[in-house]
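Sharing a structure with you now.
By written order: A, B, C, D, E and F. Residues from 1 in each chain.
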Amino acid sequence: MNHAVLLPILVPMLAGALLTALPAQRLRAQRIVCAIATLLLVPLALVLLRQAATGDITVYALGNWPAPFGIVLQLDRTGAMMLALTAVLAVAALAAAGEATARQGRHFHALFQFQLMGLNGAFLTGDLFNLFVFFEILLIASYALLVHGAGRARIGAGLHYVILNLVASSFFLVAIGVLYGLSGTLNMAHLGLRLAGLPQQDLPLAVAAGTMLMLVFAVKAALFPLYFWLPRAYASATGPVAALFAIMTKVGIYAMLRCDALSFGGPQGLLGPFLHDWVFPLALVTLAIGAVGAVATRTLRAMTGYLVVASVGLLSACVAMQTQAGWAGAMYYLLSTTLCTAGLFLLADALEPEQPREDGALVTATRFAGLLYLVGVVAAVGLPPLSGFLGKVMILRATPAPWIPALWPAVLVSGLLLLIAVSRTGTRLLWRLPHEAERVPEHVPAGDEYLDEDHPALARARVRPDRRKLACCALLLAGNVALTVCARPVSDYVAEAAAQMLDRAAYLRVVLPGQRE
Amino acid sequence: MLRRLLPHPWLSLILLVMWLLLSNSIAPGHWLLGALLGWGIGRLADRWLVLGAFRLSRPDLILRLSFHVLIDIVRANVEVAILVLGRTSRLRPAFIVVPLDVEHELATTALISIVSLSPGTLCAELSDDRRALLVHVLDLEEEATLVEHIKSRYETPLKEIFQCLPS
Amino acid sequence: MAALYAITIGVLGACGIYLLLRERVFPVVLGLTLLSYAVSLFLLGMGRLTIGRPPVIAPGASYADPLPQALVLTAIVIAFGMTAFAVVLALRSLGLTGSDHVDAAGQPESPHEAGDSEAPRP
Amino acid sequence: MLHPVAEFIVCALLLVGSVFMLVGAIGLFRLPDFFMRLHGPTKSTTLGVGGVVLASVAYFSFRGDASLHELLVTAFLFLTAPISAHMLAKAALQRQLPVDPRTRGSGWLPRIKE
Amino acid sequence: MLAIVIPVCLAILGLAFLLTLARLLRGPSLPDRIVALDTLNINAIALIVLLGIRLDSALFFEAALLIALMGFVGTVALSKYLQRGDIIEY
Amino acid sequence: MELVLLLALPLVAAALTWVIGMRAPRLLAPVILGFPLAALILLLRLRGAVFDNPGHALGWRMEWLPALGLELSLRLDGLSYLFALLVTGVGLLVILYARYYLARNESAVRFFCLLLLFMAAMLGMVLAANLLLLAVFWELTSILSFLLIGFWSWRADARQGARMALAVTGGGGLALLAGVLLLGHICGSFELSEVLAQAGKVQRHPLYLPMLVLILLAVFTKSAQFPFSFWLPHAMAAPTPVSAYLHSATMVKAGVFLLARLYPVLDGTNGWFYLVSMTGLATLIFGAGMALLQRDLKGLLAYSTISHLGLITLLFGLDTQLSTVAAIFHIINHAVFKASLFMAAGIIDHETGTRDLDRLHGLARYMPHTAVLAIVASLSMAGVPLFNGFLSKEMFFGETLAQGLLGEFNWVIPAAATVAGAMTMAYSLRFIYGVFFGGLHPDVPNYPPHEPPRFMKVPVELLVVICLVVGLVPAYTVGNLLAAASLATLRAPLPPYSLNLWHGVNLPLVMSLVSMAGGSALFFLRRDALRRWQQAIDHLNARDAFESGMRALERFATAVTRWLESGSLQSYLGWMLLALLAVPAYFLADLEALAGSVPAGTLDPMGAAALALLAVLAVAVVVAQGQRLMALVLLSGCGLMVSLAFLRFSAPDLALTQISVEVVTVLLLVLALFYLPRETPERAGGARRARDLVLALGGGTLLAVAAYAVMTRPYDPVSAFYIEQSVPGGGGHNVVNVLLVDFRGFDTMGEICVLLIAGLAVQALLKGMRLPTPTAAPDGLPWTSQAHPLLLAMLARLMLPLTLLVAVFILLRGHNLPGGGFVAALITSVALLLQYVANGVRWTEARIAPDYRAIAGGGILLAGLTGLGSLAFGYPFLTTAFGHFHIPGIGEVELASAMIFDLGVFCTVTGTTLVIVSHLGVRNLPPARAGEDA
């Protein structure tokens, strides 16, 4: 019996429980436990990635009850990829969250571990209700992490986030209920089998439930008009938390892909009309709103939030395509955008401290910070040559012909808006002061004519940004660069992953060996 | 030593009986389990069940009092039923004050419970110094009679049951 | 029976949603609770209505569908945890802003807030 | 099937219990002021529930498997009902609920309004 | 005989329920409503026991026990709130 | 391989700048210079390979992302050779020049690094043999140009200029991407060799026109064609070496390079002709005119560049083979003279401290050497014979006459060309005369100006020499290069042309003469008018317009965002509910029959009554929501009814859970209510209420319809398995409990985690929370003085052991009868919480106060470890084991590992509930009560 599949859930859970049981004042011990548990996820994810890369789907029957009766975990290429992404993000976020972050509130480490547990569980589970449970775990942990350290903005954003998601969760249950009431099962693969055999006159019920399910996922993914919670929540969270949250919206996207393919029959299935007629236009609107919102913001933190929204728009459009190429593009782009937005959140945390320093000093950009910003936004906006660009091109190429007139202009125009936004934010953030070593040259008149309203007093003292956060940001962005350099293996992997995901028969063979489609 | 081991024998006994009732069985296993739980919870309760120093004496009085109370409840219930179903305008509600002689907390508690349980009377308030009880009566004929009734029928036996030790 | 059951779910759901849309936190929490009642009944109903046949194994009996019951149980527990969190969050917001308006903490701080009619109580 | 006598006992107890429950409810419904209404539930707990519970005890015991555990329900109610009533009465006094004008006496508590 | 009496009892209890509900809805004061709620609890206990007899099942007993055991806690909390505002104090 | 080396050289140099800059800043420039020099030498050595085999290009390729058609493939043909030569040659000179231009304290590392990176990007672009790769490098040049323009980042004009340039050229890059994707889609490949071979297919394709427009958009933005030209003058905020390199010689040529590169596939259509030539013509005139009216020296050069780029574009648009040759020739010439002019302007700026043409005059006296160089270069720009500019201009004039595309209006093009030539002459004169003559004492900040360092002039001298040599003996100098480049562009045999200074007296020469004379006349006779016009347009500033446009965009974006994200939860919820309800309802509308085939069960009076009461109470909650406590009481009633309904519909476990949860919830809400206002002011207007009502009714209807429709349909649940397996497989009679701890134990595991996290979250939130403590009841009456009434206190203590016993009972029997860890835990919690309420915190915590959180965490550990136990026996996580043991004297005892799991659940739930409620209750330390003595 191969138990490795279980560990990404179990390790954080036990670590979280241990951290809860440990006395809260032993912060150092807490940090060590948390770090070990988090670091453990990386080799684990690599092992699972290798295991999944062979193309086999690993099924783990919890409690030794076979599907569809017991809950099963299933590891496929997509799941392994998401696990690896989570592990990388987690390491960077934890490293960036120094002791100061942990001290802002209570139970940071335990909550962090539970958040990872929820994420990993959502990527692994093959059972619809179990998915709900893991969604709740990751949500409640995210509520807690979001308001970590309190503060007015966080509490305000947190309250909205919590209430909206609570309502969404209720509808999640309703959708699960209808699907169970029709099919009598909760296993996603088995559900797919049962729904396919549903009498024609009952189909609208299944479609409505599926639609509701997808919309609930869309709330997590932050699709228009369900995205309202996101910008403020992300902008107000502490940097490391926001960085970890970069993957939260992607869980929604992942769940949409997974459920559509496995339970609703994918391209020829039940949700085609919904995805094509509803999700696709909404995705375009989301893309537009993300771009417009980014232009409207004045801080890197807030802008990154909108970059997330824009990426969700593009990803949802891919989801709606329901093609192997589209989904492969989505997965590649998902990797890219998650890494770079997480990196940008960390960078924002380093450059835009939440409270002004007591001595009134400004955080100046170092050259390194500038480089990180450049790499981050180039990847996030989808400019060449980084992976964001490759992902966008993959998506543009995968667009079905009838959608080209809608999607291409949307992508290009939003790209232009984002470009304007990042250049403005970047100049405002990084170019307001001469670099550390420089002074205004004498031969150029440095009179008032050169100083505009964004220009703070040159006389203020300056400090360098937090090195640790920059280093973590660099780690994530290096991941993004690696995606670019290793574009070929990664794109092959995602192509196979998408193909695997769409091949429902493969899942049925391993999950329900006795049943035939 | 015995007190250390079995700090609340009465409580443990009650718990054992309760357990048997709960499990609706008198199988030996349940006796054992009940005794174990009675002992365990009894020991646990030692830490919080600080009922004050008292000696529970006169089990016969307890039985008699219980019997009285039960009888009173049944009797008064019928009376009250008639009152309630009759014309409400004939009711003679009143607040009366019952001065208290009992000092022990548990005795006072028991008295309040009994007064409240027996229909027609309801203990509304205990004075801050715990020397008087405000009772609401649904249909009062004579205040003195009722006060006397409460004191003689309930308070006196309670006083005897909870004999206070000199503190 | 099913019709009445469904209607009750509908009424509960409608009441819950209406309360959710109020502007103070307390009614919103009430709404969430009502909605969770509706959802619990809904899930239970998905196992079809069965009267007097609890899923406890006894000789020669037929049983109600136990699975929805297990789901509802889980859902109730989760809803309890979530409600508790939401309530405390609302209190925290009240502590920060002096108002229990759902948007209070999201609005920028205004200097007049202390004297606002929304302050808890004089 | 039950023995007719046993059945009669059960039925009697049931009816007594139910009627007292109803009486309590009627009291709660029609009595004029809060303190009087408060008497209602106390009644139903004691005899009403007692009756029904005894009926249950009798029923199951007559059926063969001695069942006394229902008695616990009454036992607990005997413990808790006075608390509820007392607390509610205190609350009502504290909130100075209006009292039926015929009520005599106000005890030593001057707060009680006539 | 039981077959007749039980529905009759159910009807009587139903009536009790209705009266209590009326008080719950009508008030007029908060303590009135709390009393009604408490009574509703007690009615429910009787109803559950009756149901047990009717269905000839002991599975319902715990529900009655739990209401008897915990129902009053709500009443206590609410009435303490009316007395003191804060229900958990030093 | 050489190509890779060519590309790698500047990259390596860029990397080296960081190293050298840290260790030995003085060696920076000399070391760096070696790399472009090496690249240049490498290029010259490759000359033979390119010139001698015109049909054959050097190539290199490596896979990058084959799935996308994106390859790292490079090729070196005549056209790319020409551009590569320009890029490395001018780059070399610019680096040398910049060494002296940069002030000592400026970040030379950053500057050279960016410059070298730009060089690499530009080389990559001209060498790219894959269209996608070309687009990649194209966009890279835009980004690097942005960074270089903004080099003096503390200057507002530099920032704005940089942003503008990025917005325009970057936007163009996006258009290019789209265009290239379309082109690749049409051709089925992005490889240049394959694309160029499919001209016919491309031009017949329906997507040809959009593709052409997109690509031309990229070309025009990059090459600053009208109306996208406005960014270039403001890019002059960059240090002058940058202007010389990027904005005259190389980057702005990228656009025309692309025209040349794709010429074989794109040209020959009406679309091409009209778009390209008309844009070019407009730019030519507009640029020349504007150059005449500039006050800034670099501005003049910038508009002149625009004008010349327009000329080149026009030549491409004229679409004869010879015009293409002329265009390429002019690319070379323009790069040479304009780079030298920029450097000269940089020297003037550097030495005098100003670029204001109104303040500069008479510099010939102070910097005679520089003056000579600048004059030669500007004469070349003006197209005066003997210099290289003349040659290509002659060819241009010739081609304007040779074309016949406009029919009757054919004369317009040569006429316009002549006018433009005149204006070119005029602004060249303005540059020469205005700066170096006309007045004795220049009014400049650094007075008196003097010659720059020796080596700063070397690059200018070299370029000026090239101007002269090419102008005099074109065939020997650039003949081969031009031929190779033209061949590579046309991909057809070259038309006959001669590169001679003298072609005899012909119409082009006449045009030349006319334009020179006209230009001189314009400058010398109408100087005052020019100055007036200049002042008139001075305030017309593209930057301001652009910035205000950007601000408008920002305002619009802010307005949209504000409108959408109003900060109102009600509106968010409204949107969300609308989506969550309306869309499923839309699909549900397809349902033909509401009721399914299963007959609805008969009405059960008791169930019906409970449901009806429930509905009534729910409505009452809504009605009573204004008075909070009342609403809470009613809600509690609802809870009771729900549990009755559960009980009735065969779910005793649920009823137990609901009853216990209800109690804890009430405790929690009452605790919260102490701080919250007692009443809810209802301020919503009628419209809002109506909206809410519609949403609520809609939601309710949807739920009801879905519930009814599903309940009346048959289904085949997997539950039969659970009922079958519960006793033999799970060892318990209560199937629901077995489901929870065994079949679906993993859900339970997650569920207790949720609860624990909620507890942690609440504890975290309560840290440092400050709440105002109300001192009197809302009705103005005081609180009572008795905090802990005797009766309650005593009875609560008595209840505790009894309740605990019941909890143990419920816990133990859960596996076989309704109950279980969760309910038991809630009973325990309620019993303990009752102590808090009845006896106060101090009393309770002094006697019974274990670390609730540790219990909660320990519970999960216990449950988790129980699950792990099965791993030891080779079974999956959470596999349960149970056995029946016969103990003499006691009887049959069943022990199951699921019970330990349930114990874990019990611990977690107890711990968490207590954490939540007790902490909420305890958070106000000894309260100061004003009403204490009342």
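Keep in mind that, in the parts below, a contact is a pair of C-beta atoms (placed from the backbone, for glycine too) under 8 Å apart; a residue touches a chain by one contact, two chains touch by 3 or more.
If you're wondering where the values come from, they're calculated on a predicted model, not measured in any experiment.
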Other chains in touch with both chain A and chain D: F
Distance in touch steps, counted as few as possible, from chain B out to chain E: 2
Contact-graph separation of chain B and chain C, given in steps at minimum: 2
Pair sharing more residue contacts (C-beta pairs) when C-E is set against D-F: D-F
Per Cα centroids, the chain farthest from chain A: B
Between chain E and chain D, distance of the C-alpha-averaged centres to the nearest whole Å: 10
CA centroid of chain A to CA centroid of chain E, Å: 49
Centre-to-centre distance between chain F and chain A (centres being mean Cα positions), rounded to whole Å: 15
Chain A and chain B: spacing of chain centres that average the CA atoms, whole Å: 63
Where chain A touches two or more other chains, by residue: 129, 133, 136, 140, 143-144, 147, 150, 159-160, 163, 167, 174, 177-178, 180-181, 186, 232
Contacts with 2+ other chains: residues of chain F: 567, 569, 573, 577, 632, 648, 652, 673, 703, 706, 710-711, 715, 717-719, 722, 744, 747, 751, 754, 757-758, 761, 765, 774, 777, 783-784, 786, 789, 791-792, 795, 798-799, 802, 806, 817-818, 917, 920
Per-residue multi-chain contacts in chain B, two or more chains: 18, 22-24, 112-113, 123
Chains touching one another, given as label pairs in label order: A-C, A-F, B-D, B-F, C-E, C-F, D-E, D-F, E-F
Parts of chain B lying in touch with chain D, wherever the complex brings them together: 18, 21-24, 73-74, 77, 80-81, 84-85, 88, 91-97, 112-114, 116-117, 119-120, 122-125, 127, 132, 134, 136, 138, 140, 143
Of all residues in chain B, those that touch chain F in their complex: 11, 14-15, 18-19, 22-23, 27-29, 32, 37-38, 41-42, 44-45, 47-51, 105-106, 108-109, 112-113, 123, 126, 128, 130
Of all residues in chain C, those that touch chain F in their complex: 1-30, 33-34, 37-38, 40-42, 44-58, 63-67, 69-70, 72-74, 76-78, 80-85, 87-92, 94-95, 98, 100, 102-103, 106-107, 120-121
In the complex, chain F residues that touch chain B: 785-786, 789-791, 794-795, 797-798, 800-802, 804-806, 808-809, 813, 835, 844, 847-848, 887, 889-891, 893
Residues of chain E defined as touching chain C within the complex: 55, 57, 59
